[in-house]
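The letters A, B, C, D, E and F name the chains in turn, as written, and every chain counts its residues from 1.
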Amino acid sequence: MTTVPLWTDEQVENSPRVKAVFDDIRAVRQTDFVNNFWRALANQPDVLERIWGQIKTVMIEPGELSPLVKELLYVAVSTINGCSYCIHSHTAAAWAQGMTPAIYGELQAVIGLASSTNAIVQALQVPVDPRFDVKG
Amino acid sequence: MTTVPLWTDEQVENSPRVKAVFDDIRAVRQTDFVNNFWRALANQPDVLERIWGQIKTVMIEPGELSPLVKELLYVAVSTINGCSYCIHSHTAAAWAQGMTPAIYGELQAVIGLASSTNAIVQALQVPVDPRFDVKG
Amino acid sequence: MTTVPLWTDEQVENSPRVKAVFDDIRAVRQTDFVNNFWRALANQPDVLERIWGQIKTVMIEPGELSPLVKELLYVAVSTINGCSYCIHSHTAAAWAQGMTPAIYGELQAVIGLASSTNAIVQALQVPVDPRFDVKG
Amino acid sequence: MTTVPLWTDEQVENSPRVKAVFDDIRAVRQTDFVNNFWRALANQPDVLERIWGQIKTVMIEPGELSPLVKELLYVAVSTINGCSYCIHSHTAAAWAQGMTPAIYGELQAVIGLASSTNAIVQALQVPVDPRFDVKG
Amino acid sequence: MTTVPLWTDEQVENSPRVKAVFDDIRAVRQTDFVNNFWRALANQPDVLERIWGQIKTVMIEPGELSPLVKELLYVAVSTINGCSYCIHSHTAAAWAQGMTPAIYGELQAVIGLASSTNAIVQALQVPVDPRFDVKG
Amino acid sequence: MTTVPLWTDEQVENSPRVKAVFDDIRAVRQTDFVNNFWRALANQPDVLERIWGQIKTVMIEPGELSPLVKELLYVAVSTINGCSYCIHSHTAAAWAQGMTPAIYGELQAVIGLASSTNAIVQALQVPVDPRFDVKG
């Protein structure tokens, strides 16, 4: 289900502002497929443009972290935030970036273990060791 | 603040079961420093042994992901779970594993962007594209 | 899917306690439509009565905040809590209270930006500026 | 730190509405100690009265679940919500209701394990087995 | 939807490592039914074995807390973590362990009230009373 | 505590890129005070520039929602995300934008009630009413 209409390609054609973003998505990703996230954002061109700009800057521009590691981090964040759509789309992106079954297994293991110790540390309200603090 | 006493080295000496874990932590990590997490868990030897065993298996045994990437994932999960202690300790671990300021900046950028799109996707309740689904 | 049966109007008719709440919902909202939330709560009349009483006090009684602003806040909270049903029902309520597409766009922008800075602040564990503290 | 002033007993004496709630808290709990939660809520008598009324109904009135089990559930919820104050106060309440170190250890174990499997299930987006669904 | 294939019984038969876990699940639970969680984990035998081992230790081995109370805690944690699958499966387990409608109503009441006060305490950033602190 | 150094005004003076943002913050807000959030972000000029640009676009540029309502939404999101720093700073901003004690009380009431019903709806896994769905 959804709370907004998802734009069809026909609707996109009739909005130059939305079309410009969709054209760029297709060019950058080198595929004609544009997933539902962008079709939902199309209802708000301001938000659409800003988010796509950020995705290009943060996820696509070359940096220190490989595209695969960035996708693994995206999956980890999306998992803890419980965003089903994001988990699906970024897991697919991770496979496309070369994730292997062994890597996926380790990702699950780290996410599961971190969530477990996070919860126990919270329950115990463990005070931060002074050596972990950076003096402001 | 804390909800349990933190064990001193003296107390650890008097509990063979806790001492065995602390000795192993010191040996595996090659440092005499044992952080508060373990001193809090010492109150429950069952939990202490199980968590330390999992940390060794998941975080220390060699695998496909580098120790640095595992720590970055741990920081990402801990950040979204809002566990202050865990953020401090695993950020310190990431620095120890070779995190550079540039990598740290990219980590922040991915965590921030993913949280932003997670929230917007949730607000819009975007339906999963069929191509992202794996048939059971 | 659900973990409890949803009460039909026939079942409601046979439980005076549940019927009294449903009658009041219909009278206050001036519609015959009673959404699934109440049909699920009907299994626990205590909880049903308490929640409906709170909704009337907090959301319906006139106050300083307009009904639209209250619904926007409800959507914001529900989004971060990841409650799909609540996002759907309170987004519908916001439209009914006069939300415009421009307002909805701004709501998404604030939710997205706040989630982003929340995550980065957590990652950095920024200490509260003394001037933001209210002395107890 | 706090975002509101905490009411002193002197201030409480000068507000009949707040005083009535504080008197009832002291009578019901049979102690002169009133913790900071109520001193913070005192700034909003409406909220103060409503929350105290709910606490009495849900936590204090006799029911099927023992006071200890209710406190354990409260700690579990507060831990996952990451509410430091609530974890501290309800862990103290659980000790007062007879929690033993063994029970506390089991509570930590369940919270830790559930958080771990929750995260892995989310990562895998496991579909609900039909037999777990209750037909509406 | 799911991000991994769910193993059929035929596939399980062909993997001795997975089969050993499934056989143990069936023996311990005394039922032929193995739910989707395990069929999803089957893709990662390491994770499968570790999680099943933990479930046996934490949830099945006799302890201070009854199996029903453990399931109620599991439901509470899963609810706040927003794990739909986990809520369904552990609510079913709670019914199987003897949960009554009255107990279920109280569980809902505690979860709802705790979430409410958690949020208000967070909004007010109430400082922990010194008497709730355990000196490390 | 913090995981990064907080930049002093002296350090800012020596980095033209960071200084440009700080100068703009001071000019736009018409105050010399720059809070710790920006002093922490200063370690990553990329992130600093991007976040400040977004804050100006989303929170400061005139729109349909008043600055006060935007701050209330920011507090609501920050509360559920459990970001202590963000709750403090945006509650202060809400007061500066004209929040009254009555409005603050209503904000707390809505946040508390929404969190309560969110949790109960999650526990019951209430299915979305068809009329709340927007056809994609």
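The rule we apply is simple: a contact is a pair of C-beta atoms (placed from the backbone, for glycine too) under 8 Å apart; a residue touches a chain by one contact, two chains touch by 3 or more.
As the structure is a prediction and not an experimental result, all values here were calculated from the model.
S.K.: More C-beta contacts across A-D or across B-E?
M.R.: More contacting C-beta pairs are found at A-D.
S.K.: What's the chain with its C-alpha centre farthest out from chain E?
M.R.: F
S.K.: Have a look at A-D, C-D or A-F and name the one that copies the B-C interface, over half of its contact pairs being the same.
M.R.: Overlap exceeds half of the contact pairs only for A-D.
S.K.: Is the contact between chain C and chain E built from the same residue numbers on each copy (over half shared) or from different ones (under half shared)?
M.R.: different
S.K.: Cα centroid separation between chain D and chain F, in whole Å?
M.R.: Centre-to-centre distance between chain D and chain F: 27 Å.
S.K.: As a quick test, compute the distance in whole Å between the mean CA positions of chain D and chain E.
M.R.: The computed centroid separation for chain D versus chain E comes out at 21 Å.
S.K.: Could you pull out the residues of chain D that touch at least 2 other chains?
M.R.: Chain D, residues with two or more chain partners: 1-4, 6, 36, 47, 50-51, 54, 57, 77, 79-84, 87-88, 91, 107-109, 111-120, 122-125, 127-128, 132-133, 136.
S.K.: Counting only chain pairs that touch, give me the topology of the graph as line, ring, star, complete or other.
M.R.: Chain contacts: complete, every pair touches.
S.K.: Using the touch definition from the top, list the residues of chain D that touch chain C in their complex.
M.R.: 1-6, 36, 39, 50, 54, 57, 128, 132-136
S.K.: In the complex, go through chain E and note every residue touching chain C.
M.R.: The contact residues of chain E facing chain C are 82, 84, 87-88, 91, 101, 104-105, 108-109, 112, 119, 127.
S.K.: For the complex, give me every residue of chain F touching chain E.
M.R.: So the residues of chain F in touch with chain E come to 75, 79-80, 82, 84, 87-88, 91, 107-108, 111-120, 122-125.
S.K.: So in the complex, the part of chain A that touches chain B is made up of which residues?
M.R.: Going through chain A, the ones touching chain B are 1-4, 6, 33, 35-37, 40-41, 47, 51, 54-55, 57-59, 63-65, 69-70, 72-74, 76-81, 83-86, 88-92, 100, 102-103, 106-107, 109-111, 113-129, 131-133.
S.K.: Using the touch definition up top, name the residues of chain D that touch chain F in the complex.
M.R.: Chain D residues touching chain F: 1, 3, 43-44, 46-47, 50-51, 77, 81-83, 136.
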